[in-house]
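Sharing a structure below in structure tokens format, with a few things to ask.
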Amino acid sequence: MAHVELNDLVKEFDDVTAVDGISLDIPDESFTVFVGPSGCGKTTTLRLIAGLERATDGEIRIGDEVVNDRRAYERDIAMVFQNYALYPHKTVRENMRFGLEQHDTPEDVITERVTEAAELLQIQDLLERKPSELSGGQQQRVALGRAIVRDPAVFLMDEPLSNLDAKLRVQMRAELNKLHEELSTTTVYVTHDQVEAMTLADQIAVMDDGQIQQVGAPTHVYSNPRNMFVAGFLGSPSMNFIEGTLERDSAGKLQLDIGTETHDVPDEFDDELESYLGDEVVLGIRPENISLNQDGIAANVHPATVQVVEPQGEKTVLEVGLDTGQTIKAAVDPDTTVQMGDSVNLRFDRDSLQYFDPQTGESLTYESKSEQKLTA
Amino acid sequence: MAHVELNDLVKEFDDVTAVDGISLDIPDESFTVFVGPSGCGKTTTLRLIAGLERATDGEIRIGDEVVNDRRAYERDIAMVFQNYALYPHKTVRENMRFGLEQHDTPEDVITERVTEAAELLQIQDLLERKPSELSGGQQQRVALGRAIVRDPAVFLMDEPLSNLDAKLRVQMRAELNKLHEELSTTTVYVTHDQVEAMTLADQIAVMDDGQIQQVGAPTHVYSNPRNMFVAGFLGSPSMNFIEGTLERDSAGKLQLDIGTETHDVPDEFDDELESYLGDEVVLGIRPENISLNQDGIAANVHPATVQVVEPQGEKTVLEVGLDTGQTIKAAVDPDTTVQMGDSVNLRFDRDSLQYFDPQTGESLTYESKSEQKLTA
Amino acid sequence: MSTEKQSLRRKLDRLFVPLTVGPTMLWIAGIIVYPTLKLLWSSVFWTNPIDGQKEFVGLRNFERLIFAEGGSGTVFGLAPDFVSITWHTFVYVGLSVSISFALGLGIALLLDKDLKGRGWFRTAVIVPWILPYVMSGLMWRWMFNSEYGAINGILTQSGLLSSKIAFFSDGTLAMMALVIADIWVFTPFIIIILLAGLQNVPEQLYDAAEVDGAGKVSRFVNVTYPFLKPSILVALTIRIIFDIRALDLVWVMTQGGPGKSTEVWASWLYRTAQVFNRPGEGAALGVVLLAVTFLIVAVLYRVFGESPY
Amino acid sequence: MSTKQSTLGQLIAALGLDTENEWSHVVRERLVAYALLGLYVFVIWFPIYFIFITSIKPTSAVLDIPISFLPTQPTVSNYVEIFQNRPFELYTLNSLIVASTTTVICVTLGTVTGYSFSRYDFVGNKTLLLSIVGARMIPPIALIVPFFSIMSNPPLIGGLTGSLYDTRIALILTYTFFNLPFAVWIMKNYFDGVPESLDEQARIDGCSRWEGFVKIILPMAKPGIAATAILAFIFSWNEFVFALVLTSSEQAQTLPIAVSLFVADDFVDWAHLAAGGMIAALPGILFGLFFQQYIVSGLTQGAVKE
Amino acid sequence: GGNGSSDGGSGSDGSDGSDGSGETTGTGTESMADSIVFYNAGSLKYDPGTEANIERFEEETGISVEVNEVPWNNLKTSLTTIWRNEDATVDAFNGPTWWLADFVASDWLEPLELGDSHMSNFPTNLQDLVTLDGKTYMAPEFGKWGTFLYDQTHFEAQGVSEPPSTWDEVVSKGQQLKTEDTSPFAFTWANKDVFTFKQFLYQAGGQLFNDSNEPVFVDAGMDVMDFFTELREQDLIPDGISSMGEGGTGDTFIAGQLASVESWTPLGARALDADSWGKDRLASAKPPKGPDSRATFQDTNGISVSAFSEKKRAAKKFAKFMTTPESSKTNMKVEGNPAVIPSVYDSEAIQSQYPSWLLEDMKFNLEHAKSETYLAQPQVDDYLSEQITPALLGDKDPQQALQTAQNNIESLYQDIGLL
């Protein structure tokens, strides 16, 4: 167990900068999740921590030691590779045993741990097969098993559940959670699955283009994105952005002119937004914070026309056209009876509104919202 | 473009029956999605259709022809492999061009399609790289691109989006949807992502253990599972199952004795359930169909204690303990303020209740519910 | 595509195996069947070296070569020549194959590294194999020359030795000279085969192994070796087959001498069949060699014969 | 970093020995690798050097003691004398033609056949492979006489070709026979290491077996092909006994025969022998140097590995 | 297998009859071919004498000679292979006399019918050597036999005025001639051990076989062994005699590290040409006399014609031409090969080229050289070699070695029906 520290970490491949100056503290016993778009450098960061790539610049500390020049096998880590990297000539059992054998684990402990992990991963029956005789999801579980039997200082997991079905994935997630609670091993985890990120992480690091955009507790980052990238990246369907010009209405209250309509800015943002008066500002609202208000007009209620109804099981996503012409998404109850072409009134939940600077993408309300949360 | 028909298809590996008698009609121009737990035989089925495995038994028809003996290259299909299988020695561009060149596509068409697909997949900048220089998600997109540039009779896609982040995945999903609308190519698609399955599919086939459990329109299957397996498999978190004994209350209404409490069975199920009177019956209710009822006791409201609060961004999942001792899950609004240890009252949405035979797992209410739907 | 072309394409495709395997089989069969039958046939005849008179003798040729016809100096009833020549062959093949294999493996691993200029190293390392064996044999004969050879020159002129060594007058030293020459000539072969084999090791498995805590040796054993096995099989088998019947170096350097102390199976066979003009016994020896080679190859197959996937 | 680097610095950087851009252990390993390779190359080249030195010594000085390891009175007279007498260009040409034709045949057939053996579980797969390799286990020396009679009176095609004795064709046929089994076998084992999923993808891309093989698998088999080619080439290049028996004049004799002609019955003329040896070695060395980039790239452009 | 030799007779009577008559009558079905194929052992470069004679032959007869050079070590193999297949590839070849017995027994050679006038040029011992069953199968071309050479400068320096004339003197004078850098005496060894042995065996009055093909060399062989043992034990021959191939001996002699040497090669001619050598330093003598004689081992090379040749007439003509006194002289002039015709030594051209003392000794050797033709020669030699080598090196008891060799050879001969 150890904390991991990345200082100004840079990794360049010939002409690509995969990791572009990352600084991050991964506390001991924490569960840190990296998320970010495809190709943003998550895997590379993991590989740097593992010692499989040499940092072009910057420093990596594990425990209190700078490990830049330590080899992977000296770093005491276990890793789940995105592409599994199973040993094709070894059986599942041998694949899982190997790491333990390398660390001189006593035979009985090996047997025990492998049996345990296999059960947990529901691959007990596959132990004598070769990887080529396994399905994709089974291979992935073996890859995961190979890591969790170990008792390393740091776990590195690169999308370890991506090929599992939803049900198994929920189970595995729960198992990983339990495992982490039991062992408290510092874990760095890459996933593209929001739910996984939200439920597993102590801290979540959102990456883009080789850089970390925001770090923090998952719910915090979700509800207080630092910038439009983070806001748009987290959540599915992603946050709606509506551009408008900030002005004061006759009553002196701030409002956003979004074309043919206006949107009332809640009072508490007065301080932050005042300076943007007359400027372009982007309003952000998540689909799930939009509800259908069929009762009658109130504040921040926008009329719209339903264009697409997309039932997704537990919810139904509507694509609705605002009167301004812009299309936004709303996630509503699956029992809804609205149909394509229906006219609806959208209510934006006022507690969930975000405002951004369209130039820099920075959130204008980040500080105030975080404060709110903290004082709450 | 062609319809695909599987008749009693069986595939055995040495000692494993991967596909165990599948019959399925995949209509021309349809988008059929296979879902099922890891290792249930999805990939194998795809490979059988592709002609990469030889069926042990049964018949495969593409168009009107039995193709069991046709070679893969004569079947005119494009396939995205679960593990990508990119040509390591070819650049991304060459990987994408290759299939077209094989089909004697004119040079300008090739260039155009590759450029288009690359843009759509956001890999324009990677065209000259070798696969080994790509991130996992980038490789997957290349694999997808290699298929979609083609204009085959059938598309086979094996979890083509599993390694993409949520946002990109939504985009890609939309693009695939659009593509399918434009080209109407018969598509067989494997995914473990419920949302993908729900939004893309014309028909969804739920597999388990080499067999098809249910086929139908996605929303239909979701809300009218034929058996407990399908019910439990679709949806995340999955459906809660509560066992009880069916009895009549003093008023003569059917009710389920679930231990220390009872649960009222809606009247419309009287016919189907009558014969189970005195027997064990399983009640199924999805987490999202459970809401917090803090107003007061009504029918089918169960008191419970919150054990775990799991915020997942767009919703919050509660693990709650019923007074009967059983733990079930409920998905509630993320704004909820309930905390661990709180006592809550759960309201089960009566339209969403399902009843199953605990022995066979068959739904007892399947027919009636489907009828309802159809008449609705 | 026209249907005609398509059906041709299909036909060709169905004929893939016959078309790819057929010609080779025909080629080999066409040119092997006769000589092989001839070999087996000859081995049961005895030809008088003087007048060429042939006589069917059954297995007597084998008996004579392998088993002593009574007499002294026999070991377990085996012919002394057979025993001593087998021993020489064993020493010669065993030493030179094992040493050159170890050396070749080491060099191949070095050359597999991402080194600048490794292209030149590779070429430099192959060269000994490119030279005609005769030339190499003569070269080593010259190197080991008792008076003017470079080896003696170095040893005496540097003061390591006071008097020169007559390498080719001593059985053991002559064998050593042969082994050294053999290693010199054939190590490049091992290097090349192993180097090609090393290209099949998926890089990501090294990563996985490193993360699993595997050091250099363990990575070699657990990742490199399984993928190298087919190449090791090829390298060792071909190397051993070549060496068991290698004639050129022995013939050029020692002709089996001094006395018979460097006589090996190959030179024995050659001498018997060609020099002594006793084709029957030569053929019998050939059959024995064939059997021994088969045996060795079977063992090698056992040990190294599975593919990594 | 200063813009002016010492030459040594540049060299160190070029060789990837600068610790700033590389893992220190990688640098250390490289240094060791260079040292070991250097030593090895030095040791194996020493005999060649010694022969070379011998060849440029005046005939009389060859037997001087102490032996001089440096060229004290270099002369080309040995070479001149040899060249006046020997048609080395013919021997080289023969060697080249025989070796390269053999190589082409063996590599072509060996590759396709090896591929089939690796991929297809056809009837008799194992038996055939075994018999192919087994065919090669017969000691060639035992086949000299049958081969001679086949070549001087070829069955089936004899009417067309007449005797093949003392022709390059005889050597090519013979060498193909010796090398083809190995070629098949090496390639089979090599293909075993190329993942089959790539064959499958090729088929999905619309390739027949032939096309998939030629367009996808073949390029990935370069290292194996290179190794096979080198093996076949060098074997044919070096073969002696059959060249001896099947040829008798410079219209077909190869370099090994040329070299052994320097060995007279009763004495070895080391100076001329060394010169002749150098000449005989030269085509090989030049060939090696000329093709070194192909050899190297062939041996490294692997499928699975970058 | 008694009909082997009779087959040979009837063979040449029958199938080759036309050739035979063709030669004698000058007519017949076969016209004179305009080219022949001649297999030469090794490169002609080392046979400039032969080369010169071939040129003369081509000029004078208009028959072109295609010379195929075959490495010396392998010429016999090549020929054996070719003839076992009854192939007509080879018309004529040159090789040593000791191949004859086996080749003739196998019916592979054509009698040359050189005529008495031609054959009488050669000494009788040589005529006997190439004549089997009354027919001549080889035209002797140039000679090889031991020449005793010594380093006069060294002899003088050590105060030895006369070369040793007997084995005993080799030993006694050897003590005087021995210095730190120089061994007193050496002879060819390595794979020529049997020749060496035979030479000394003849000097000891022995022979390998008696007239009824029985090996009978043990007694005389012991004399040789005793002599050698003495030489070795008194350190009068160099160490490592088995590496003393002819090249080695000659080279070492030229390098000044041997006081005297017995060699088959044209070493005399070579030494004369070498740096720091000359007529004052090089001297020759008749071989030291053993218990019986001063005989040397006869290793003459000659030209034979293939029984399968389709150009026998031209080939025979060639064989004859190459062995005339004129050719013999040319050969000796050009290459230094000792001529096999005594009269050549008296010719002016030769006299002026070589010192008379050298010629005198050569001629003596030619006339006193001895040899035997015996069947299964390679194997017999092999049996001998494997026994005498360790014996000569002191690794084996000489008596036992010789006896074993003799036994082995005897059973070999029984095996192949000669005894």
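All chains are identified by letter, namely A, B, C, D and E, in their written order; residue positions are counted from 1 within each chain.
Just so we're on the same page, a residue touches a chain if its C-beta (ideal position, glycine included) is under 8 Å from a C-beta of that chain, and two chains touch if they have at least 3 such contacts.
By chain, with names taken from UniProt: A, B = ABC-type D-xylose/L-arabinose transporter; C = Sugar ABC transporter permease; D = Carbohydrate ABC transporter permease.
Keep in mind that what you see is a predicted model, and the values were worked out from it rather than measured.
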Problem set entry | Required minimum of steps from chain A to chain D, each step between chains that touch | 1
Problem set entry | chain C to chain E, fewest steps along touching chains | 1
Problem set entry | Chain pair, most C-beta pairs within the contact cut-off | C-D
Exercise. Using mean CA coordinates as chain centres, what's the chain D-chain E distance in Å?
Worked result: 40
For this session: Between chain A and chain B, tell me the centre distance in angstrom, where each centre is the average of that chain's C-alpha atoms.
Result: 23
Exercise. If you average the CA atoms of chain B and of chain C, how many Å lie between those two points?
Worked result: 60
Seminar exercise, completed: Note: chain D sits from chain C at a C-alpha centroid distance in Å of 15
Problem set entry | Multi-partner residues of chain D (each touching 2 or more other chains) | 63, 65, 144-145, 195, 208-209, 260, 262-263, 268, 270, 301, 303-304, 306
Seminar exercise, completed: Residue numbers in chain A touching two or more further chains are 71, 83
Problem set entry | Multi-chain contact sites of chain C, meaning residues that touch two or more partners | 10, 13, 147-148, 202-203, 227, 274, 279, 308-309
Problem set entry | Contacting chain pairs - touch in the sense defined above | A-B, A-C, A-D, B-C, B-D, C-D, C-E, D-E
Exercise. Within the complex, which stretch of chain C touches chain A?
Worked result: 202, 204-205, 207-215, 218, 222-223, 226-227, 306, 308-309
Problem set entry | For the chain E and chain D complex, residues of the former touching the latter | 37, 39, 41-46, 66, 68-74, 77-78, 81-82, 84-85, 87, 89-90, 144, 245-247, 250-252, 254-255, 264-265, 274-275
Seminar exercise, completed: In their shared complex, chain B is touched by residues of chain A numbered 13, 16, 35-39, 42-44, 82-83, 133-138, 140-141, 158-159, 162-170, 192-195, 198-199, 218-219, 222, 232-238, 286-288, 310-315, 331, 334-335, 349, 351
For this session: Please name which positions on chain C make contact with chain B in the complex.
Result: 1, 6, 10, 13, 203
Exercise. Touching chain C in the complex: which residues of chain D?
Worked result: 14-16, 29-30, 33-34, 36-37, 40-41, 44-48, 50-51, 54, 62-63, 65-67, 69, 109-110, 112-113, 115-117, 120, 122, 128, 132-147, 150, 155, 173, 176-177, 180-182, 184-186, 189-190, 192-196, 208-210, 223-224, 226-227, 230-231, 234, 237-238, 240-241, 255-256, 259-260, 262-263, 268, 270, 273-274, 277, 280-281, 284-285, 287-289, 292-293, 295-296, 299-306
